[in-house]
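See the structures that follow.
There are two complexes below, and they share chain A, which is joined by chain B in the first and by chain C in the second.
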Partner chain A sequence: MRRACFKFSWIAAALLAPQLLIIFVFFYWPSAQALYWAFTLEQPWGGGNTWVGLENFRKVLSDPYYWSSVRVSVIYALATTVLAMSMALTLAVFVDRQLAGYRAYRVAIIWPYAVAAPAVGLAFQFVFNPGAGIFSYINAVAPGWWDLSRYPWQAVTAIVIAGAWKQVAYSFIFFLAALQSIPRSLTEAAAMDGARPLRRVLDLQLPLLTPTFFFLLVINITDSFTDSFGIVDTLTGGGPFRATDLMVYRIYADGFRGFDYSGAAAQSIILMLLVMALTFVQFRYVERRVHYT
Partner chain B sequence: MNINNYFKNCRVSVIESAHKDAVLDHQQPIHTETGKMTQKLATAALVLAASVGSASAEKIKFEYWYGLTGDLGAVVAETCNRFNASQDQYEAVCVGQDGYEKAVQNTIAAFRAGKQPTILQAFDAGTADLMLSGEFYPVTKLMADTGVKIDWADYFPGIANYYSSKSGEFFSMPWNSSTPVYYFNKDQFAKAGITEAPITWEGLEAVLVKLKASGQGCGLAYAPSSWIDLEQFSMANNVPVASNNNGYDGLDTTLLFNTTLHVKHMQNMQRWITEGLAKLRTQASGKTARDSFLEGECSVFFSSIADHNTISKLKPTFAWDVQIIPTYEGVERKNTVVGGASLWVLSGKTDDEYKAAASYLAFLATKPEQQFLLENSGYIPVTKSTYAALKAEGFYSKEPYINRDIAMKSLTWTEPTALTRGIRLGNFIQIRAEWQAEVEAALAGQKTMQEALDTAVARGNELLARFAQTYPGKSFP
Partner chain C sequence: MAEINIRAVTKTFGKTTIMEGVTLDIRNGEFVVILGPSGCGKSTLLRLIAGLEEITAGEIAIGGEVVNRLEPRERGCAMVFQNYALYPHMTVAENIGYALKVAGVPRAERTARVAETAKSVGLGDLLDRKPGQLSGGQRQRVAMARAIIRSPRVFLFDEPLSNLDAKLRVQMRHEIRRIHNQIKATSVFVTHDQHEGMTLADRLVVMNRGSIEQVGTPSEIYDRPASTYVAGFIGSPAMNLLPGQLVAARRGVMLEDGTLLPLPGGEGLRDGLMVQVGIRPEHARMVSPGRGRFDARIDMIEELGAARLCNLVFEDIPFSLLTDARPALAPGAVVGVGFGPGQTHLFDAGTGARIETGAGVSQTDRNPARLRGAV
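This part shows the complex of A and B:
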């Protein structure tokens, strides 16, 4: 391992200052505020608050609907991550093999990342609408079979697909870059040894991709916990009967819609701890299997 | 990899820096002659500025944040233009906030930063916190303080009670007001041999049975709505939603709707769906109740009278009409209450801004301005004199306003009683959401309606207790 030594430098500090200031203003300060609110009952229009200790946390954690919200959030995070990363990897492998029209694909696949989550939700609202959308053709064959307002599993599937679609682009860019940094000579050598494309992907490219894989896993999981709000809000609104009430959506509903700032703050702290714990687990256990070259 | 390894062999140097604040003395001796000169110049400049100022008569500006969007948002913006054109003392700066909820959210954020507007258009369910915070200027007091005359007794009691304190002082200015009704397809009613739109639930069930018998696939397009099925239903049927006279008499309120006629009503709705008399029509299921009605797919749907204007504009291909919401047989029918929003004046602004705001609110209350709102929306008049004048002019016997004033009938059926003044509940938006989610679960067959309402009440009561705990020792004014 390399050892690095840094001497304190005013120039370095000055260059760092704007970034640190931004992190302070937009992360540490609000987080500290949320932490404080989580232990109080805050009146939305100001005018004081009441210290309640762990009451907010007790209330949230003793709510059976909160636990179903945690469960569906975990399902959503895992499902979108697996789906998004496998689609991204498949597409990246195809583009890397320079199949016909790969330049066009490369640009086209990157675009979805620039689409805002609510817009994705709206687009998929059309796709999944049981009455007028693309999925309404299913209902033409089997009336009433596809109905987001009745069947929780369908609503969850819908947000998972929409969420994964949005995340494919990001993972794709990283996978493609990683694939292209694998020396051609390795692939060619494997090909000369008689390995077919699928075998080369499994035995050669995937092992070399593990650092990228790990990075994307962490980013995707974090992202699906914290950035799913827009899709849920436009696509299902948390329904039917709370089936898609993801943790981050609940925070919005309680805090902004219901003006329960303290309850929302407590939930934010729990979500933050959960994401931190998951990231820790990933670094502790998954990263062991990653080989940096 | 331990991050400490990186630093193991490093020599850590601590730079100690002592800051000494050099305090400079900025005071400079003023040279007497230059001083005099400066003074003279300054005086001249002041005089000049004053004369220029009075010549162009700076208008007093105030901000108004509103929640209405789309066509209705344009109507709000137009009232501001009309106000600004009507006089040259004040200027209303009106800013749309993209929805009632966002208007309140944004105002809270602005308020906490000391940048709130003078007037906020807020919807009923979002104002419990505002009432208890006391951070508003009751309009009765505002008008008295600024010397603007408003005849408060002219407001319909059903509206006045909703927006005023126990002592009868108006908190906020009623403006865009509505109440629920049901819309029905006259052609399909005639085909089924129905001559009259019933005003009892039993009568409506008979109608739906006849409609089904006549081959109409969907009688009632049903979308569960806490506002209609719970709140207005309880008003009309004179049953409580919550204890303490629906929350007016204290914060230690508990919900009661799992023990009242409301349960039977919701069970009936569920039964109607099972029996094919009604169909669920919500946005999530692909088609709203209103769209099903407009397409002629369903014969009846419940909504605010504000939709009257929308439906007229969309010109359905069939004859249609409206009727007041039904009550159950054997119930002594009472008035319904207003929905919509009212205009709140917030604290922390200047006297000039308050004068301007008072002038704008008084302007909105005039007959021509109420009429302007009615002609461009489906809302109802808020004062008796305006309603009487419009009726006398034959306003409600012309298309497209025919029968739109049936809402007034519902609203003024009786004088408001202790149970039909309105509802004052904290965390009301979340309570509505609990009701909605539980009822949806029951309609999907996940639990019985009674279980669903019991759960909604239990969870709602926790929200109410939490609200009371947030405002210890306070009660609604």
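This part shows the complex of A and C:
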């Protein structure tokens, strides 16, 4: 492929500058700061710091609570991704088939994307409240059966459902766009060839969706590792017994409540490396199965 | 194999009527071409037969069985789409064999039938390619093979040649006709190209604005177009139409400038009726001024190689004629236009319908009532 070459020009540099500045201020600078803090012992009230090498990492990684946080983060990421993507795909297939009222559904399904994570958490706080709503009826039958603040599995289920609910909208938009870009005549040809709707989904639409599927997989996994703070904070606060203490929530808790800036910085670096590694693995092993047409 | 009976079929989308009261009988093993300009409803008619659109009113029967409520897969039709609609993620072999796979045909039999079908359309060594790696003509062949392999009762073609270049189009046209002659399945072919229609069809159906204008063999339609619309649509260059008024007493048509064109036969004509006289460019001759039916001025002469197309102007009306001679005449020169009385067509200027004058071009024993087809 031929590549276009451009001479250096001040106009080009000036046009790029705002974007580069934003990335620098909001990404590279904080990342560099975190990297620096991760190797020092930072005093919470200012007043100098001490170089401690890998001591922060050693401390974090030898903490059994940290490993349970990694474990629950991985569970949360996989569960929300699978749940959100399968729900989004199902809904998109039905909207694409233009069943009755699909226009209303389409708008309704896109809306949750515009809701901020803490608002989602708060809404689900009411949904999952053991003393009100649906679960109060269940608790009336089986007293004490449902209580987010007592049972770890219930708390994890709750944040997974809330997280997935929030991510469905995003995946739905992409799945629907991809489905609608499949030429109608292909579906018709398959119908003439005798394939029923479900068969057409499996043989035709899913294979043609693989590029979108892969893109959403990467985005959803990354998002569920890094963007779960708002839901955890409002819904469970990391509890009970640290059962929902996701990595990103723990960074906040250690850094801003425990004032362990250095430990939080080390955890940020680990989280960043983990997400990068996962993305690398996906590109290396999953992308091979993608048909780009 | 099956006949198709279309009875008073109407199709509306919302408040727009696409097609109204179309009735057509297609015989078993017949190759019917539906011809018309874009938007005339021809593709819709095909899709109604295929079951890709729902019929609003009326009835379609294939092989004697009413198929209105049947899904496309239950109708036994195969369709070749305009853009081929090949499955981009499947190889040529998988594309051709998909219908068999869906039908649950065992792998060994499937492979054998795919290989055989691919060979019959000249795709034998491309079975492992993806559609993206094929040329336009090859994709067309895959689409054909995909239809053939199912041994359908009915073949439906939706402008399958319109994406090919001129040379390939002629070649594929021959191939489609050759395949039809071999397997003899009832075929319905939709096109806006009159050459495709004339060359492929056993019978032509000319459509206009959602209804059928005329049904007949290509030569019947060429010889006796049922309306000014068909007259203008079939034949290239298009038929000349001159406005005039019937003069029963003189058995002729008075043109606007007072010229009288005699009509053959001429019994029972309504005196004073406003009409249009049609003369095909290939039936008109160029003669010396004053020696023909009327004189006209040359506007432009187009060289076609085998012949010359002379664009004339007569009383501000364009009139074209084809001539084998190489007239050494410049634009602006006046020439005479000659044609035999039997080479004129007469149409009612109000309704556009053909008026039989008791004699027409290449008069035969054809029954005009049948000519109009099942309109």
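By our rule, the second predicted complex is superposed on the first by the 280 of 293 C-alpha atoms of A that agree within 3 Å, B and C clash if a C-alpha of one lies under 4 Å from a C-alpha of the other, contacts with A are read in each partner's own complex, and residues count from 1 in each chain.
Definition applied: contacts are C-beta pairs under 8 Å (C-beta built on N, C-alpha and C of every residue); 3 or more make two chains touch, one makes a residue touch a chain.
These numbers come from a predicted model, not from an experiment.
With chain A as the common reference, the superposed partners chain B and chain C fit together side by side. Of the two partner chains placed by the overlay, only chain C lies in contact with A:R199; chain B stays clear of it.
Vectors from the Cα centre of chain A to those of chain B and chain C enclose 150° in the overlay, to the nearest 10. By the touch criterion defined above, A:A189 reaches chain C but does not reach chain B.
In the superposed pair of complexes, A:L208 makes contact with chain C only, with no contact to chain B.
Legend: residue contacts after superposition of the two complexes on their common chain; A:N129 is shown touching chain B, with no touch to chain C.
When the two complexes are overlaid on their common chain A, residue A:F8 makes contact with chain B while staying clear of chain C.
Minimum Cα-Cα distance between chain B and chain C in the superposed model: 20 Å.
Against chain B, the residues of chain A that register as touching in their complex are 1, 3-8, 41-47, 49-50, 52, 59, 129-133, 136, 147-150, 236-237, 239-242, 253-254, 256-260, 262-263. If you check the complex, the residues on chain A that touch chain C are 183, 185-186, 188-196, 199, 203-204, 207-208, 291, 293. Chain C contributes residues 50, 52, 71-73, 77-79, 81-83, 85-89, 98-99, 102-103, 132, 146, 150 to its touches with chain A in the complex. Per the touch definition, chain B reaches chain A in the complex via residues 1, 5-11, 13, 15, 101, 104-105, 108, 111-112, 126, 129-130, 132-135, 280, 282, 284-287, 427, 429-430, 433, 437-438, 440-441, 444, 446, 462-463, 466, 469-472.
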